[in-house]
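Take a look at the structures listed below.
Shared between the two complexes below is subunit A, which pairs with subunit B and subunit C, respectively.
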Partner chain A sequence: MSQLLEAFSWLADPTRWSGTDGIPTRLLEHLWYTALGVVVAAVIAVPIGLLVGHTGRGRGLVVALSGAARALPTLGLITLFGLWLGIGLKAPILAFVVLAIPSLLAGAYSAVESVDPRTVDAARAQGMTEWQILSRVEVPLGLPLLISGFRLAIVQVVATVMLASYIGNGGLGRFIFLGLQLQDYPQMLAGSILVVALALVLDVALRVLERLLAPRGAARG
Partner chain B sequence: MTHRRRLPARSPITTTGPVVGRRSLAALAGTGIVALGAAACSNDDPLKSDSGSGSGGSDGGGSGSGEIVVGSQQYYSNEIIAELFAQALEGSGATVKRQFQIGQREVYVPELQKGTIDVIPEYLGNLLQYLDESAAKGTADDLAKGLEKALDDGLRALPYAEATDQDSYTVTKDFASQNSLQEIGDLAGISDLKIAANPEFEERPYGPKGAKSDYGVDITVVPVSDSGGPLTLKSLMDGKVQVADLYTSDPAIVKNDLVPLEDPKVMVLPENVVPIVSSKVDDAGAAAIKKVTDALSTDELIALNTRSVDEKADSATIAKAWLKDKGIAK
Partner chain C sequence: MIRFDHVGKTYPGGTTAVEDFSLTIDSHASVVLVGTSGSGKTTLMRMVNRMVDPTSGRVLIDDEDVAGVDPVKLRRSIGYVMQASGLLPHRTVAENVATVPLLEGVSRRRSRSRALALLEMVGLDHRLGDRYPSQLSGGQQQRVGVARALASDPNILLMDEPFGAVDPIVRAELQKELLRLQSELGKTILFVTHDIDEAFLIGEQVVILRPGGEIAQQGTPAEILADPADDFVESFVGSGVGKRALHVDEVSGQQVVLDAGDRPVGVLREGSRS
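Let's turn to the complex of A and B:
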C-alpha cells in the first residue's frame, strides 16, 4: 500500500513532467508506437476481414489463423524479430501488428456478418454493385462492430507497447523496466499506472465513439 | 543494488505478476521472460528454482545433518561454479546437498546468515555493495578485505579466484582499430557514442556518469533489457551502437573477436568469483574449494560457460570434466 502511495508521489513530482525523458515525452512515444502498430495491422486486417465477411469465404481459415496469432507471446516475438531485424522500432512494431490483427479481423468480418441479410438482398435487388453494397450498406451498418474491433486492438496494443522499451525504444515501458531492474518499485508501479490509465481512457473514448457513429438501425457493438 | 543478471530481475517470482495492470499481458511477459531465461540456461529443472527461492529455504535442511548445502544464483555460470565447489567438497569426503538456482541476493543472503545454506559462489564487488553500500571502490584485494569486515559472524569469504565476471565497455575489433582504442578513456572525443546495456546501467556508478567523470567520455545508453544477451550483442554487431555492456566471462566476446576496453581507473568494481562459506565448512572443505578457485581464471570460466552455451551440457557434466582435467578430481 505504501508503495502505491510512493508511486503516486513519484507521479506528482513536477520534474518528471518535462524534459526528453519526462512523462509527456514517454506518453507520446507510447501513443505513437500504438498508432503505428494498429494502423499497419488495420491496413492488412480490415480489407481481408471485410472481404471474408462479404463473401463468406475463407472464414474458417481466418478464424483459425487469428486464433493461433492470439496465442503468440509478444515478448517472445519481439526477441525473435529483434534477433532478425536488430534493435529499434521495427521488431516491436511487427510484434504489435501480429497482436492487433486478430481483433481487427474479427471486428471487420463480424461487422459485415451482423448486417441483416434481408437488407443486403434488398440493396442487391435495387441494382447496387457488390462494392456499393459493401461500402454503402454493410460497412455503415456494421460500423459499431468494426470500431469495437479497433477498440480491442488499441487497448491490447497500448497495454503491450511497454515491451518496446525492452529493445532500445522509448515509451512508458522505460519507467517499468528501469524500476524493475533498479528495484525501484514505486517508479515501476507509476509506469504501470500510466499504462493502465491510458488504456482505460482510450477504451472509454472509443466506446463513446462507437455510440456516436452508430447509424439508426445499426447492429450494437 | 548492483546487478542485473546476477540479481535476476527476470526471476518470475519478483517480476511480472502484480505489476502490470492487464493480467494477460503479465502472463505473456512472464512466459517470455521465463523462456528467455531458460534459453540461456543449462539448468534442467526449472521448477527447482521456484521452490528454492519461493519457499524461503524452509526446506534447506542443512542443520544438524552434517551435510553441506551448496547454493547458487539463478544464473547459469554461477551454477557451474557452485557445481565445481560441490564436487570438490564431495571429493574431500563431505556430504553435499545442492540448492541451485536460488533467485536473488535478497533471498539467499538471509539463508546464509541463518545457516540453511553453507556455500555459495559470489562476486566481490556486488556482494560487498549489497552488504555495505558505502563500501569504497578499490582493487580486488581492497574489496576482499572489506568483505571480511562486512560479513556476519559465522560466515567467511575464502580466497577469491582470478576469474572475474563483470560489466565491460566492449567494442568490435574494427571499431577498436579504427579509433585505436585500448582503454575506456580512449573513447573520449568520439561523437554520438552509444552503449547498449540494461536500462539500469544509466544509474550505475560505472554508467555514463562514471564514464564522464573518470574518463571524460560522453556516452548515451540504449536500453536493451536482455542483460548482455543476444539482442545486446546483435546491436553491437549491427553497428546500431558502438559499445556494448557485456559480461567479461561471456563466450560471445571471444567468439566474435570483441574487445573489452581496459579500465585502469577501476571504474567497474572487480567481480572476482569468491566462495562464501559458513562455519560448517571445515579446513579440509575450504582447502578443497581453494583448489577450484586457484585454478579458475577468467579464461577457464569462459571455457566453462562456452560448454554450457554451445553444447547445452549440464553443470554437473561440465564440472566433472573440468575438475578431472585440472587434476582436482580423479
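Let's turn to the complex of A and C:
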C-alpha cells in the first residue's frame, strides 16, 4: 500500500512532467510506437480481412493464422527480431505488427460477414460493382465491428509497447525497466499505472467512436 | 422479349436446379413462374439479370444473349424486386429508390426528385423519403422496393416473391397496386411465386413448374383452369375444390371472376393489354 502511495507521489512530482525523459515525452513516444505498429498492421490486415469477408474465400486459413499469431509471445518475438534486426525500433514495431494483425483481420472480415447477405444480394442485383458493394454497403454497415477490431488491436499494442524499452527504446516502458534495474518499485508501479490508464482511456474513446459511427438507419431500427 | 433457350443449371456440388427449360416472354407481358421450392423458379428468374449464369443453354433479351452483356450494366437496366425488400438499411428511403440513377451518375438533386415522384407513384407519401427503411412497415418497404426497381425506367421487371413476407391484407393491396402500375407502365414482368392465387391474379401467362424447372403447364389462368394438363397441375391449382368452381360476371365493363361463393378472385382480361 505504501508503495502505491509512493508511486502516486512519484507521479505527482512536477519535475517528472517535463524534459526529454519526462512523462509527456515518454507518453508521446508510447503513442507513436502504438500508432506505427497498428497502422502498419492495418495496411496489411484490413484489405485482406475485407477481401476474405467479401469473397468468403480463405476464411479457414485466416482464422488459423490469426489463432497462431495470437499464441506467439510478444517478448519472445521482440528478442528474436532484436537479434535479427539489432537494437532499435524496427524489431519491437515488427513484433507489435504481428500482435495487432489478428484483431484487425478478425474485425475486418467479421465486419463484412455481419452484413445481411440479402442486403448484399439486393445491392448486387441493382447493379453495384463488387467494389461498390464493399465500399458502399459492407464497410458502412460493418463499421462498428471494423472499429472494434482497431480498438482491440490498439489496446493490446498499447499495453505491450512498454516492451520496446526492453531493447533500448523510449515509451512509458522506460519507467518500468528503469525501476526494475534500480529496484525503484514506486517508479515501476507508476509506469505501469500510466500504461494501464492510457489503455483504458483509449478503450473508452474508441467505444464512443464505435457508437458514433454506427450506421444511422440500423441504429434506429 | 425474354427468351429462355434450353437453359439448365447444375451447381458444382452436382445438384441440378434446372434441367432443360425453354420459354419465350413477349414484351409488355406479365408472366408468372409458379412452383414449390425446388422448382428452380427463382434460379430461372435470376438468369435474366445474370445473378445466376446457366450451365447450359442461353437466355436472350431482344435476341441478344445476356452472357455477352456486362452483368453490372445488365442489372442496372433491369428492375429487380425481392422478397425481403433488400433495401439498404443505412440509406434513406429516397436514397434507396435513387440507387441506380446515382450509380449511373445522375445528379443528386435530379435523382432525389425522381425518387420522390416514384414514391408517390407506388402510393407512398413523398415525405417518407427522408426516413430509414427500418422506420417503415413491411408493406411500405415492399412499395419502396418496387419504386427502386422502376427508378431507371427499365423495360423488364423481375419480381421474386415480392409480396411473400407481408400479411394477407397488405399483400392483396400490393397486388392490386401492381396491376394498376402495370396497366399504366406496360413493363415486361417476370414474376415468381409459390402462391397459385397470386400467380393467376398477376400473370397474363402462368407457367407451372415441376421440380427441376420442368414445365407442367403454361397458358393463361383461364386455359389452365379450363383444362389442367394432369393430376399435378390439378392438385396444384386446387381444381375440384369449391373455390375453383369459378364463373364470370360482368361488373362495370370488367369480366370479374367469381368463385362458388360469389367471391371475386380476379379480373379476366382479353386480347392485347398494352
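Some observations on this one:
By definition in this document, the second predicted complex is superposed on the first by the 216 of 221 C-alpha atoms of A that agree within 3 Å, B and C clash if a C-alpha of one lies under 4 Å from a C-alpha of the other, contacts with A are read in each partner's own complex, and residues count from 1 in each chain.
Quick note on the criterion: a contact is a pair of C-beta atoms (placed from the backbone, for glycine too) under 8 Å apart; a residue touches a chain by one contact, two chains touch by 3 or more.
This one's a predicted model, so the numbers in the text were calculated from it and none came from an experiment.
After superposition onto subunit A, the partners subunit B and subunit C occupy separate space and fit alongside each other.
In the superposed pair of complexes, A:Leu194 makes contact with neither subunit B nor subunit C.
Contact comparison for subunit A: of subunit B and subunit C, B touches the greater number of residues. Residue contacts after overlaying the shared chain place A:Gln183 against subunit B, while subunit C stays out of touching range. Of the two partner chains placed by the overlay, neither subunit B nor subunit C lies in contact with A:Leu172. When the two complexes are overlaid on their common chain A, residue A:Leu50 makes contact with neither subunit B nor subunit C. Touch criterion met: A:Thr160 reaches subunit B, while subunit C stays clear of it. After overlaying the two complexes on the shared chain, residue contacts for A:Leu83 are found with subunit B alone; subunit C is out of touch.
Of the two partner chains placed around the shared chain by superposition, subunit B is the only one that A:Leu75 touches, whereas subunit C remains out of contact. Our summary of the superposed model lists a minimum C-alpha distance of 37 Å between subunit B and subunit C. Residue overlap on subunit A between the subunit B contacts of one complex and the subunit C contacts of the other is empty. Here subunit A touches subunit B in the complex through residues 73-76, 78-79, 82-83, 86-88, 159-160, 162-163, 165-168, 174, 176-178, 180-183, 188-189, 192-193, 195-196, 199, going by the rule given at the top.
Note for the complex: subunit A touches subunit C at residues 118-119, 121-129, 132, 137, 140-141, 215-218, 220-221. The touching residues of subunit B, counted against subunit A in their complex, run 1, 4, 9, 15, 19-22, 25, 28-29, 31-33, 35-36, 196, 198-200, 202-203, 222-226, 230-231, 234-235, 238, 240.
Taken in their complex, subunit C has these residues touching subunit A: 46, 49, 51, 72-77, 80, 82, 84-92, 99-100, 103, 132-135, 148.
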